[in-house]
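There are two complexes below, and they share subunit A, which is joined by subunit B in the first and by subunit C in the second.
Moving on to the complex of A and B:
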């Protein structure tokens, strides 16, 4: 049996190892981090059958709850871990060629820390540990956003840092309130006794927690750092931040709301805020000329959709939200990764400069095409099924409010289709833009030759695309895992307070 | 299982997609393979006739729901149209697109689109229906932009319309599922009458508007003309001929399959005006406005695509007339329209193939150069204008008759006004292309190759034969009517039973041909004729030799334009602009929330905290 703690320990220890190796052989750092992630991913998969039987509880430092620190890995945690690990594995493969400067070692280390933070957040059973992992995640992402060291990325990183710190502070306040009232940090323990708290204390804890983690979960209006941060980070990091980091924060928020603050009003608030985020994200993306900002706003929209589905509070909607998280992780990562090489080749972020680029980067263009259609929800791609199940679940929850919100979600889809189609048509125009004609790859010369990204970068992108097209065949087993995760989540929900 | 042909047909269209991807760069192979596959599909489709009424459940399970397909009489009628017109299109494009650049994906999208359409028509549950409906509309989108550059912007417009329409359908289907707990057509139909009135009205409205977009019903038609006209002409015919009609299929399914007539009449609004009547009024507007817009088009393809919208109005009027004859007329008109509009567009494509243009200001006098195309266009426009002995007359006659007997004189009059406009504009079409003076640069052109002539001949035969003997098609339509529990149309081989209003096309045709013979005899008896060159001509006291270009065709119907121009308000175009600028403005304003100012951002967080706390405190 694999001890689940290894999932966190292996990447964490590799970070130290990388720092050592980096002194002498900086070339190996990327490979080392890739191997560590591959190993961890393999382990996570071997845990799958066991976790589906019963959640695994790991007690650290020898003492049981309520004093000790523990990890609690149920299907929900494992599902998210798999999303995190598989995405990171592919992105780290992409980074081999994409990150080519001398600071590779630093990049690989922070990359692993980002994963450690995310994995810890989804696996921990202790609310203070949650805070610690949250901080690991945030700090590594602040630095990674600033990685390119230009004016934009530094500004974005500072903003992200300051706003993120407010969020962390709020999170800490919430934890302090809970600890002061109940004297325990174990989530299960708090959940069992949260009723003992006076209502106003509980509300304060709920509000601080929601807002605190909401900053990282990019809920409107706490997501103001996101368009800057996601667009000025290296594309591989944007893929990670959009692909799973926001979603991890979101699911952790919902998990805590389910177990500690199950107020009906909070669910409604989050559902409405989700739809508002979605509309704002999609409408704002419609007017973007910078490809990465457009994708970042689209992430705000997609996260809004996921939040909407998660806060409907029905099993079907939650399962649908999990499917959408998977779809978004694959599709948005693919989009960011593809745009990374388009930016390198043309030297521009402007969509107008990519006119006709699909004819010189056919594979990238095609993957972009597939990912866009999956995000919009075109059958038979994976996104159709996730969006379809969200809408079905929302409408069948039977309330008029949910139906009206669903109508707005569908309006958002129309806007989404409009701006993505505009970009796609741009890619496939016959007359290439100057930047495209002038673009050269490191191999070939000439205006007609292919400027496709190197194979090492294209393989992971193709893997994402393959998942989006063929994922339907896996729908049965994915839904099975998502179902187990839903059960895991709903087991925490004792009763909803009206 | 007797319904194996259904599975095979669907499988073949998927195979077509895959084969075309494999043969991506080998155009000739693509053509041959596509032709063979479509021919096989038509053959399979014909076999389906014996299996009407059977259901096939595919072992593909989506969300615990196996995809189910059924061969209803309506499905058979539609698939027959789909497979035959696709085969003709493919035969036509064998020659017309040979050697043309950028056709690698042509057959691929054609197969995808056909797969979508067949699936939509065969679907026996709403999940399958919606899934394939989406696939079909995206297939249309990809087909539209085959010619590149100039077709992109109209195609984008289509996508916005089509996605909006899909989303309305989606919401409608989700509501149906939430209320009836099932996707299956049969169970939905059974549970539909038990829905609460308000919910039912909402569902019906959502789905009617959704389907109205796809069938280009006024005022939701604005996406159609440019997007259809800017692709290859062989595709224009395919898209106008069958693709737009999928919206009508949806309306038939909704009205007869789910709602039922009695229920539709229940939505009384003011006095006798009910939902059905309102849809009919939009149908009438769909006839009149686009038909008269067609009059002023100077491009043959655009002119015909505007008629594509207008003719849809007749189908709506018929189907929503609540009269056996009218419903049969509406459904029959779908078939007739498909045959003659494809014929017209193939003939135009034949002209375009040789002259390189479909601009009505630049053509003329091609009658002796391209006689087959001329005959094709002649047969087609007689059908389009609804003149005997072609099939368009029969269905239009049914519709007029039904509207008058049901007591809708205004609708009947608008249908007749529409026909008037049609006659005017089709005259422009045939005159400007084939009559008048031949332009010198087209002196040397020849008729198109045989493979392009073949579909024209086949369709000419179809337009004429189903005009004189509408019986076989009407028998299918009577079956459709019975399957929905409606009274079947009392058809005979050559028309309808005297009891329902005498129509015998054989007599009419005989009289018609007799009249033509009489005219021919009078012509022969007249003075001896002398053949002159087209330049041996005069006007206003001037001889018109080669140095004076004599071109009637240029800006044909300018007079009408002077009359109608003040009426053109471009309300729809302006609304479109307004909506798109609204979205842009909304985007700009919403983007400004993200000011870039850190202090503002921090304030947002604080405000959110306060609002959340207050909200929770108030409500708990």
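Moving on to the complex of A and C:
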């Protein structure tokens, strides 16, 4: 049996190893980080059968919880870990050719730290460790956003850092309030005894916690950093940040809300906030001329949709939300990765400069097309099933409020379809833009030659596309895992209300 | 009439005061360095609140010596351990923020947030 702590330890120790290797042989660092992620992903898959039977608890340093620190890996944690690991495995493969400057070593190390932070957040059973892993995640993403060292990325990183640090402060205050009230840091122990707290203390802790994690989960109105940060990071990092980092923060928020602060009012507030994020994100995306900003705003919209589904508080809606997280991770990563090479080839971020690019980058154009269809929810792609089940779950929950909000969700989807179709029209136009005719690749000149991205970068993108089309065939086993994750989440809810 | 305040209450009020002052600096000032100072002030507030969560009335330092043998008479050591972690994280974030600001200053030669495009709150 693999000890689940290895999922965190292997990437973390590889970071130190990379920093050593980087002194002498910097070109091996990317390969090393890829191997570490591949090994970790394999291990996570071998844990699957065991976790589906019973959650694994890892006692650290020989002291049992609630006094000691523990890791708790249930189906929910493992499902998120798999999303994190598979996405990062493919993105790290893409990075081989995409990150070509001399700072590869630093990039690979921070990339692994980002994964360590995310994995730790979903696996830990201790609220202070949650804070520490949250900080690992945040600090590595601040640095990666600033990786390109131009004015935009530095500004975006500073803005992200200031807002993110305020979020971390609020999280810390919430932890201090909970510890003062209950004298424990173990999440399960807090959940069992949270009823002992006076209601005002619980509400204060819930408010600080929601705001604290809400900054990273990009909940409206705490998301003003996101469009800048996601659009000025390297495209591979944008794919990671949009693909799973926001969703991890969101699910951790919902997990804590379920197990500690299950107030009906908070669920309603989060549902409304989710729909507001969705509408603001989609309408803002509609107005963008810069492709990466458009994708970043679209992520705000998608996260709003996921938050809406999660906070409906029914099992069907939560399962649908998990499917949507998987769909978004694959589709948005593919979109960011494809646009990464379009930006390199044309040297422009403007959508107007991509007129006719699909003729010179046929595979990229087609993957973009597929990912857009899946994100909007066109059958028979994976996104159709997730979005359809969100809408069905919301309508069948029976309350008028949920039905009204569902109407707004559908409006958001229409807007989303509108701006993505506009981009696709640009891609498939006959008259190419100047930037497209002038684009050159390392393979050859000529206005008609292919400027497709290198194969090493296209393979992961194709893997995402394959999942979006063929994922429907896996729907049975994915739904099985999602169902187990839903049970995992709802088991916490019952223990609080009982 | 004076209301007797315990040191615990005073520290709690003080830490919330520091938090409010820090956040006010971040949201009202336009100079990036000042904003980082505000972040530090708020950070100190949160740290005091956290370490204060382990307050025990008349508690001594949580070290077993021959003079003090009972764990009941000691302050709770867990928040003190937590706050050390939190201070280190705060230090790291400050260092990173200042490094980024230096890089930005070399390109823009201004620290004024309102003059830096895209940095509007």
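In the analysis below, the second predicted complex is superposed on the first by the 494 of 498 C-alpha atoms of A that agree within 3 Å, B and C clash if a C-alpha of one lies under 4 Å from a C-alpha of the other, contacts with A are read in each partner's own complex, and residues count from 1 in each chain.
Definition applied: a residue touches a chain if its C-beta (ideal position, glycine included) is under 8 Å from a C-beta of that chain, and two chains touch if they have at least 3 such contacts.
This one's a predicted model, so the numbers in the text were calculated from it and none came from an experiment.
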Looking at subunit A, does subunit C or subunit B touch more of its residues?
B
So, does A:135 touch the first partner subunit B, the second partner subunit C, both, or neither?
second
Of the partners subunit B and subunit C, which touch A:159 in the superposed model: first, second, both, neither?
both
Which of the two partners, first being subunit B and second being subunit C, lies in contact with A:414: first, second, both, or neither?
first
Touch test for A:296: subunit B only (first), subunit C only (second), both, or neither?
neither
Between subunit B and subunit C, whom does A:176 touch in the aligned arrangement: first, second, both, or neither?
second
Kindly classify A:266 by the partners it touches after superposition: subunit B alone (first), subunit C alone (second), both, or neither?
first
Should A:373 be classified as contacting the first partner (subunit B), the second (subunit C), both, or neither?
first
In the superposed arrangement, which partner chain does A:224 touch: subunit B (first), subunit C (second), both, or neither?
both
Between subunit B (first) and subunit C (second), which does A:334 come into contact with in this model arrangement: first, second, both, or neither?
neither
Intersection of subunit A residues contacting subunit B with those contacting subunit C?
158-159, 162, 166, 224, 228
Subunit A - residues contacting subunit C, complex
128, 131-132, 135, 139, 142-143, 146, 149-152, 154-159, 161-162, 165-166, 168-169, 172-173, 175-177, 179-180, 183, 185, 224, 228
Tell me, which parts of subunit C touch subunit A in their complex?
19, 23, 26, 32, 35-36, 39, 42-43, 46-47, 49-50, 52-54, 76, 78-79, 82, 85-86, 89, 92-93, 96-97, 100-101, 103-104, 107-108, 116-119, 121
In the complex, subunit B touches subunit A at residues 61-63, 130-132, 134-135, 138, 145, 148-149, 152, 155-156, 159-160, 163-164, 167-168, 170-171, 174-175, 177-178, 583-584, 586-588, 590-591, 593-596, 598, 600-602, 604-605, 607-609, 612-613, 615-617, 619-620
Residues on subunit A engaged by subunit B in the complex (per definition of touch)
158-159, 162-163, 166-167, 170, 199-200, 203-204, 206-208, 210-211, 214-215, 221-222, 224-225, 227-228, 263-266, 269, 279-280, 283-287, 373, 376-380, 384-385, 388-389, 391-392, 394-396, 398, 403, 406-407, 410-411, 413-415, 417-418, 421-422, 425, 429-431, 475-476, 479, 497
